[in-house]
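By written order: A, B and C. Residues from 1 in each chain.
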């Protein structure tokens, strides 16, 4: 890791100001991904602005919804009573993430900003368009078992690793930001960017901009929500395929459904088309299978990740049939 | 070798900032630089310029320990390389094995994933600080009783993680222990004995 | 008499040190003034170093030196146990990605690591061959390795295969795997004149010493290697690797002690691995399932600099009674690092054999256990001489009964529980344990002090298997003293000679010498007592003295007693004895039965129940023996279900050189294991009836899991690991 400077800050405005004024600065809060990125040489920063002391860790539940400070720790959110009662998908996604130790350290904001686990991205000696724009993407022809079948480009097919982001996407959460130009809000669905021509840009976050909070709108149906995460060992692993689902049934029919997917796409992935297939229909395995086919309609499988196309459809049946009481 | 311990005197530093390019660019550094030049103490963690070291105080196992580190020094390397507390192990140095688990303000964390400068003012407990004099912690006793280790490289981390796991209330059943102890790899794979030891120690702690 | 400690589940004597963090591992020992070393490794897999520019690195604060091939003296490339074929920094050739090309020394670890990033290396790169599939040349039969031929022929296997009533032909494969002990490899080298002390993560302190002796042309007695504790080896720390030699060389050049710890990523290219492996197996049998022919060709990954094959086919050629056998162990050299021993090296080939037997069992309609009993051999298949004390049939019986095998569903895919298919599978376990070299003989010394305590000294190691505890038990029993009156001093090449802790050879090779030294110490103290007029035992014939609890008694009149402490105290000088005994190699056996649950829709495989029974002669310590079973079963789960190292096909770099990409089992993957031991002393043993054991568990586990997956689903997966994509 290169030598870097360090400035602890006491309030968000100061954080933004210092970050803007300091060349090569980055924020550090939990540090659980940033330090690895810096050790791996995937990111280099001349200066770290320590925001871990900012008063941005509170969780409040109101009539309009849940507001989670950007510096709330994963464990803190997962254990919060309102989260467990009103948004079980969120608690499940968090507790399926990382390890207990990391959940004690990592923040909600940092979780959204974690970067791909693509082995080429994490190996500084490999080519990688996300790390070094224009250097190439070895994953296209190389080892791509963990990579995306949706949302990729000819420049990058790396998946976004966050479980939390998938759950937040299904809940239509909003990211609150504070930057040099003041505060703004971005729906979580618009926060992460597909690689397109610029895979090195993961999110819409601007320089010196800070995640101050995540707001999750109140939705009664979210009580019936669940997170399914499939991986290659029992736990403590990133998703091969994951799904967050919120299901509202009325009289056996789907009144509303929200589906978000992890592990299969370059960003946390929502499929309005697949949701539309189910909305208003009786919840049956056949209907879920139809929705699954719509979900993967544009999938681009690669040599090692083709199984995800089949697996995610099966996982959708598994999750929704369980959530909808079909089994 | 361990550095001599000193009484706490807030978060002090004595860095003389040489990197004028950065200080000029950042107003946040100016008061710090001024203080440093005046050899005065600043209360609260302060800015450190790239390439510089700072004197920090860590509270480890109930003792204040003063050490001089660059910002890039992890808590793990501070404990092992600066304070001589080699009971905490480095297995992967990227949060993927759990061997470096310590308690910070009572919570289990991976000390390879946090910077020492960020842990000033926290209470840090390492495996060396768990026993009460000659009396082992119930988790340590249970690990011996259940043969919950072989080579011992993961053991410090397992023990610290187990202490927290029990405290968190995640030791209610073997299945729960398996899940909540999975952040600590054991390549010798004493997992079954670890589960038994944690369950046993949890009963002991609850008594 | 003493109740014997050997055989009982004695708690580890080093337990307290390990749970308090007091145990000092090689990277923990403080060495004043030591610099931190960090390796610069090659980014390309094949080609040549054209230019190295260390100027930026040297300008980094705290950097003391950057050494390259231009700086290092010419060293002699050692042979076994240095299995690399070349020493880096001796020239410009690059043989694999991750090969060291420079070493940086700095005051702090952080400085050394960053400076290594700043060393600029220009290469002339050639396109590498990254996998056996892409090799341009066909596989070949390498020369014998350490006297072991790579081709074994018995009878006329080809003709017998052609004539067989029943045939099974299948291809099995498994990927590269890495040991990944939790403790990274670490070397601290300290020169004082021409004397060298090395704190080394070594499974064999004497192996490290011999390699360094050759490399530096230094007499072995000038080198001392220390490894009092080892944080896991699994074979990765048995051979000596380049970083050890480079650290020693750098310390000499710098005139300062140097500590170097490999990063996890560096461990994937610098410390060996289980080679990628293919196996073409043809088995001929009678309609009843009796083997008549076994024709096997295996292909293992070699390297450009090393031709040794470690994925040996011992099981295929010797485990079952078969008159016609032809085994060829071939290899192909891509541009990858050399492979090496990894816990139970025969596991890769054993998987194919034990899977093929399952396939044969289904084909002929014979229960897999019965098929194995039918093909059981009581004689060595190569020499025809009886195998002394082999109790494999007991293992089948004990484990099958405990598992409830007789209730097995007769058809594959017949048992479903909720969303999961349930399947049962079994396999034989077998491992050949090694003998320590004859010269010098393995020797232990025992010293009894005036405090009556015994100190046993031997240059063996405790790699987590329990050596400290077991040799303590042996000494306590032999002398008749309590366990806490025995101190074991090991892990130091300055101690009486012992071999490497590998090949499951530790207990097999050190128990005899330790026992002899301890008995000699007892006899010496008894002799002092009966000759000492001040002793209550004065004048008693020595053979009428018994010892227990630290005391010496007259066998018929226990009121006449003395103690070790009193006798040696009066003697006025410690009593020191030595013992040597050579062991012979042999085999340990077992049977493993597993239950798996396979999610019908999602293909997730869970191992939910495991029962084992093992025959390793006498069980020295039930706790530590059971630890080896737990470890072996979990390693088998990793081998069967998840572990695999990926090399990029174009660059030959490891793509998943970390523990989030290279998956090993976590706590939640490990099922409850019910372990049984036959526990019958082996009459041929030189180790108080015990045989080497550590690597026997695991050998059958991957096949047992695969066989259970077949039983659960009707799907036969022959390419490991069995990931869910192969079961959808």
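Please note the rule applied: a residue touches a chain if its C-beta (ideal position, glycine included) is under 8 Å from a C-beta of that chain, and two chains touch if they have at least 3 such contacts.
For clarity, every value in this text was computed on a predicted model and none was experimentally measured.
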### Message
Farthest chain from chain B, going by the mean of C-alpha atoms per chain?
### Response
C
### Task
From the Cα centroids, identify the chain that ends up most central relative to all protein Cα atoms.
C
### Summary
In whole angstrom, the CA-centroid distance of chain A from chain C equals 41
### Summary
Averaging C-alpha coordinates per chain, one finds the centres of chain B and chain C separated by a number of Å equal to 32
## Note on the structure
Expressed in whole Å, how far the mean CA point of chain A lies from that of chain B is 28
### Query
Do you know which chain C residues sit against two or more other chains?
61, 110, 114, 658, 660, 665-666, 668-669
### Task
Among the residues of chain A, pick out those that touch two or more other chains and give their numbers.
1-3, 234-236
### Summary
Residues in chain B with touches to at least two other chains are numbered 51, 70, 72, 93-94, 178-179, 182-184
### Query
Inside the complex, what are the residues of chain A that reach chain C?
1-3, 41, 117, 119-120, 122-123, 125-126, 138, 141-143, 145, 230, 232-238, 240, 307, 310-311, 314-315, 317-318, 327
### Summary
Residue set of chain C touching chain B in the complex reads 11-12, 14-25, 27-28, 30, 32, 61, 108-110, 114, 179-184, 229-234, 261, 263-264, 463-466, 623-624, 626-627, 630-631, 633-635, 658-660, 664-673
### Summary
Per the touch rule above, chain A residues touching chain B in the complex are 1-9, 14, 17-18, 21-23, 28, 30-32, 35-36, 39, 46-48, 50, 52-53, 75, 98-102, 104-105, 234-236
### Task
Mind listing the chain C positions that touch chain A in their complex?
43, 61, 97, 110, 113-114, 117, 419, 601-604, 606, 641-642, 646, 648-651, 653, 655-658, 660-661, 663, 665-666, 668-669, 723-725, 728
### Task
State the interface residues of chain B toward chain A in the complex, per the touch definition above.
19, 22, 25-29, 44-52, 70-72, 74, 93-95, 98, 101, 107-110, 112-115, 117-118, 161, 164-165, 168, 170, 178-180, 182-184
